[in-house]
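Here it is, the structure in full.
Chain lettering (A, B, C and D) follows the sequence in which the chains are written, and residue indices restart at 1 in each chain.
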Amino acid sequence: MSRRAYVHRISAAAPDDVSGIEAAIAAGRIDPKGIVAIFGKTEGNGCVNDFARGFATQSLGLMLQRYMSAEAAHAVCLVMSGGTEGGMSPHWTVFERRDTDETATGAALAIGRTRTPVLPFPALGRVAEVDMVAEGVRAAMADAGIADPADVHFVQIKCPLLTLQRIGQAEAMGGTVATRDTLKSMGLSRAASALGVAVALGEVSRDAITDDRIASDWSLWSGRASCSSGIELLDHEIVVIGTSPAWVGPLTVDHAVMADGIDVEPVRAALRRLGFSADGQLAPAERDRLVALLSKAEASHDGRLRGNRHTMLDDSDISATRHARAFVCGALAGLVGHAEIYVSGGAEHQGPDGGGPVAVIAARA
Amino acid sequence: MSRRAYVHRISAAAPDDVSGIEAAIAAGRIDPKGIVAIFGKTEGNGCVNDFARGFATQSLGLMLQRYMSAEAAHAVCLVMSGGTEGGMSPHWTVFERRDTDETATGAALAIGRTRTPVLPFPALGRVAEVDMVAEGVRAAMADAGIADPADVHFVQIKCPLLTLQRIGQAEAMGGTVATRDTLKSMGLSRAASALGVAVALGEVSRDAITDDRIASDWSLWSGRASCSSGIELLDHEIVVIGTSPAWVGPLTVDHAVMADGIDVEPVRAALRRLGFSADGQLAPAERDRLVALLSKAEASHDGRLRGNRHTMLDDSDISATRHARAFVCGALAGLVGHAEIYVSGGAEHQGPDGGGPVAVIAARA
Amino acid sequence: MSRRAYVHRISAAAPDDVSGIEAAIAAGRIDPKGIVAIFGKTEGNGCVNDFARGFATQSLGLMLQRYMSAEAAHAVCLVMSGGTEGGMSPHWTVFERRDTDETATGAALAIGRTRTPVLPFPALGRVAEVDMVAEGVRAAMADAGIADPADVHFVQIKCPLLTLQRIGQAEAMGGTVATRDTLKSMGLSRAASALGVAVALGEVSRDAITDDRIASDWSLWSGRASCSSGIELLDHEIVVIGTSPAWVGPLTVDHAVMADGIDVEPVRAALRRLGFSADGQLAPAERDRLVALLSKAEASHDGRLRGNRHTMLDDSDISATRHARAFVCGALAGLVGHAEIYVSGGAEHQGPDGGGPVAVIAARA
Amino acid sequence: MSRRAYVHRISAAAPDDVSGIEAAIAAGRIDPKGIVAIFGKTEGNGCVNDFARGFATQSLGLMLQRYMSAEAAHAVCLVMSGGTEGGMSPHWTVFERRDTDETATGAALAIGRTRTPVLPFPALGRVAEVDMVAEGVRAAMADAGIADPADVHFVQIKCPLLTLQRIGQAEAMGGTVATRDTLKSMGLSRAASALGVAVALGEVSRDAITDDRIASDWSLWSGRASCSSGIELLDHEIVVIGTSPAWVGPLTVDHAVMADGIDVEPVRAALRRLGFSADGQLAPAERDRLVALLSKAEASHDGRLRGNRHTMLDDSDISATRHARAFVCGALAGLVGHAEIYVSGGAEHQGPDGGGPVAVIAARA
């Protein structure tokens, strides 16, 4: 008795377009009762007032409830990452797991998930959020049957943000919040969540983290964390992706860390470790084996890319996160040959400043 | 007696920051009297109300007049392409030519330029603009001493646009304009200009072009045209870049056509023809030889990139041209290893739909 | 036996915040079975990729189904107008009607509604849409029991728009569409719908309307039409608001036409006809009687406001519709003393160029 | 021997369109040697990357140098306020003063100006900036011959902002800056400057101001300060507008404080004190006497306008300052009957939270 992971990448025509998932269920490619998580790249601005994420979440929830109880549907981790800038294509990545009689013969893709308790608004962006997330990552690893942090290749977290109303509630109860700038609260929440991953995976010592180093000391980072903040939740949804000898099937995963927004060579190396030739752009014949590319993007805080000035942080018309997603998606799509990839913005403590983690989920050659 | 071309790529800290050019003049690296053109990537939105272009043009003009007569300064082609999205870095590319006693021993980089007459507003985006530009390209080729269209690798054109005031003037004089939508006028002007290049270079037959095929029949295109529209001029500035046996020096140029926004392999092939190894990303040691990368970007009109939906044309917050520049710059920077490259938006008839021409100016190995 | 209209203005904390409506139902202020329409001012960009409208529509539909059958819920006209720029406050306006034994003693507020058939995409923005809407307005008048067009004071229409996918479908079936510019399709659909109202109310002769005058000849307009386009529907939802001697209750309605975006004096005159003093800004004591203010806003097409240049049509960062809503909401809020008002963008043929209709629903003094 | 002030409101067709000013000079309406200040409403985004302000400043400087020495031109205070949202019309307000033999018979409009020293970047947004500005205001009052702070009705200040490069310079020299967020630096600089005015005019005690109350304790404010920040200067330009018995001529000035963005009644009261009837909107016949309307706009920090939620601070696509300018301009234009008015964004400590000062310059009846 073992477990087997399935990963389905499905195009979406709109934030509420779940028809592709339902078609896969109808065709028997997806067994809905095994769905543990759905990642969505949705086409809003990815910032505070991006309601496409909530719309997608509501639509996915309604869809799931057509196949399972409301309670079971609620347990599915729905991680919507807003913003499909440049050529990035809106899509769903459905993570499914099934029990199987197949005998495990080596490590295969393993998936675990959990939800944390509701985060008190004053804890957002502070050490208390780091601790809550670290505990959640450990719970998700246990859910995946992964004991060694080295076998974890990606941790996707959806974390909450502050709105003016939430700040008002916190202050009415005598609390203080880490920031009164709602857009900035998104970054602080991602930052604390990423450090929670780093602590759980042993990448950063818990002792090194204080409130004032969160979203400030960029020398602290995780090479496997990916955090998105959204208005539509108050807790954290955590999905751990790695490999485990207790799982079977053709899928596996590896990861790379980009040092900056155009540092594609580590990703190429990861592809090669997974058996892709990856000379130049992935050839069409190889693209089918590439099931999902998950990555983070951000503008470097010093306003420089390899010594040249960039203008992302000085643009008051377009959020820097939107610039960065478009740009990094271009770099990665130039490597893998298509743009139905998951590039999530705001990579605070997720990879080095200006860079970010990349996970490659692929079928073995 | 022959001519030698110099190309200087110089960073800009702001649209009016000409200090890098003046430093190069002071150091003797640039002889101001030989400057024939300056291309600028400036950090506005690249659309109708982008005054950074005009500001740069005014600042460059004032700078030039510190070294030459107003008349000579006015003859320099100043082509400002607005929009440095993603990691793209604002910079100037200064084209200079000098007479020399060196004996030509083979083809080298050659540069020619011209300005057309003022374009009547009703002609914008129509066949009359195509013809005016085609004649201008021929004049610029003659200025460069290039006889064979096959030796032309890039034609940069700066063309005018319509504003509400200009439309009013045209209509007050009894004329009609091709569009009353000012943003759309930018695309029409680029489209007609690109077809003018295609006619001059023999890529498209003049007979094939009618008013209603301009910015409509995307099967007509030039693989070497790059057109930017701007509010700050009423005529066309044309710069032809190619090779000629009458020129000397270490510089040369080649070009490629991207079939879509992530089609970097033809660019890699051009780099290899110029002696770069270009396995993966250009290694740091090779980057110095790459003097300038000039390219175009646009969103494909069918809303698809290699079969996947993109959302650039449906985004009412960010112009599709801004999305496309960020994305294509990412793809090209992933190839060449830095983002101080010239990616100009709006590639109507400049390369196939969704793709665009790329020129590589490099020193020989 | 007569009918009585109720109008409830209820704040919304987000596009999916229907809690205020449910609280009113729970408190007995709203009887859900009588709800005929809900207008929403939702906080998206009001343009093509505004998914807040769809999110609100889905959320309202789910809420309604908690009180009535799916069929009955579907019959409620949900008209979401995106964009709460400036100080405009997101809110719902719930229109309810009840049968009553009260004897009518004079005209009172009357409400009718209907939905048209699905609009074929090639008909959008053309005379066929005008005719479809005109017929729909007559059906909604009949539903309201209003026989004389002079008793109609506001007609709210929600109409469809084109997306790239819809254009593709139309073209795949051999059809042509009125425009391939998705943002422009919103304007064309509003334009044709407004002319449909004008025809039904006798404001414009049907003979005067041809395809090429739609969204072009601004001398044709309705003083009572208000049209919003949205991605979330394929037909038209039509709500007619007027007065009828067959209805009872304290509510009534009047309307005004603003000649431009700051022409508040006709609105002041309408307020006075309804018994408000309206010297200067409405005093707090008078504001309670003002139940709803419904209006349209647009940038004048000649780029002028009372002789001075405006820049709304030349701004490539912010859609002109967003500028106009913020600005006109400021002018109207300055008059009535609060900004929880309904200002809908894009007033093609809805009032004169640059102006728009305004309806005032109020309780009698 | 006395002085007389002239104020000229002149439309601008673009940020570099100084033709209207030159026409007034040519016609003898303006004597260039008496120009002390030019306020511009320019059509950029009014935020960090708004180069229209710098372009206007450069263009005005070039124009002035055609009539006076470079030194004299440099002494003219050029205060460019970016952002003409909604129907607001780009224009110049030229302040001129002349010596005259007329005998003063009562108070008339008086204008003074000064420039402060260059502000060290670490001082920006801190008490050191407050003190520098307070001293500057006193100097400008002396220049105007105004002894009593009660006779000051408006103080316009142009203050610097931080860019990433400036932050880098400060930090390279061992300094710390008040914020590393460039957009936020604009608000901090305006905030400190406004408190400098409040101190100079006796509205706020110097003792009440500490670094952490700047841009934080909104109970501290000036009812006469108007501050704009811009990338194009490193010091402060200060213009004081008031009345003085030493000046002559038909012009005078009064001011009002709006408590929120739609609080137009205090402005109406000021108009009435100046002899306007101001029942409803200013009638066309009265508008000529209204020479200039100068005001500030901002989104209230609690996200509420008279109890209703606004969304300006949660909009990640449009800066809250742009929303607020469009909205407040609508409210004021609804009152005075045109939109060629000066509404400047970001009113930190300039009037109460969400409101702002308004100055009315008018010819006596």
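The rule we apply is simple: a residue touches a chain if its C-beta (ideal position, glycine included) is under 8 Å from a C-beta of that chain, and two chains touch if they have at least 3 such contacts.
Please read these numbers as outputs of a predicted model, since none were measured by experiment.
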| item | value |
| --- | --- |
| Relative to subunit D, chain with the most remote C-alpha centre | A |
| Chain pair with more C-beta contacts, A-C versus A-B | A-B |
| Computed distance of Cα centres, subunit C from subunit B, in Å | 46 |
| Distance from subunit D to subunit A - Cα centre to Cα centre, in angstrom | 46 |
| Approximate Å spacing (C-alpha centroids) for the pair subunit A, subunit C | 40 |
| Residues of subunit C engaged with two or more neighbouring chains | 13, 43, 45, 49, 165, 309, 311, 314-315, 317 |
| Subunit B partner contacts - residues on subunit D that touch it in the complex | 13-16, 43-44, 49, 51-52, 54-55, 58-59, 62, 165, 231, 317 |
| Complex interface listing, subunit A residues touching subunit B | 11, 13, 43, 45, 84-91, 261-262, 264-265, 268, 279-281, 299, 305-312, 314-315, 317-318, 322-324, 326-335, 337-340 |
| Interfacial residue positions of subunit A with respect to subunit D in the complex | 45, 47-50, 163-165, 168, 180-184, 301-303, 309, 311, 313-317, 319 |
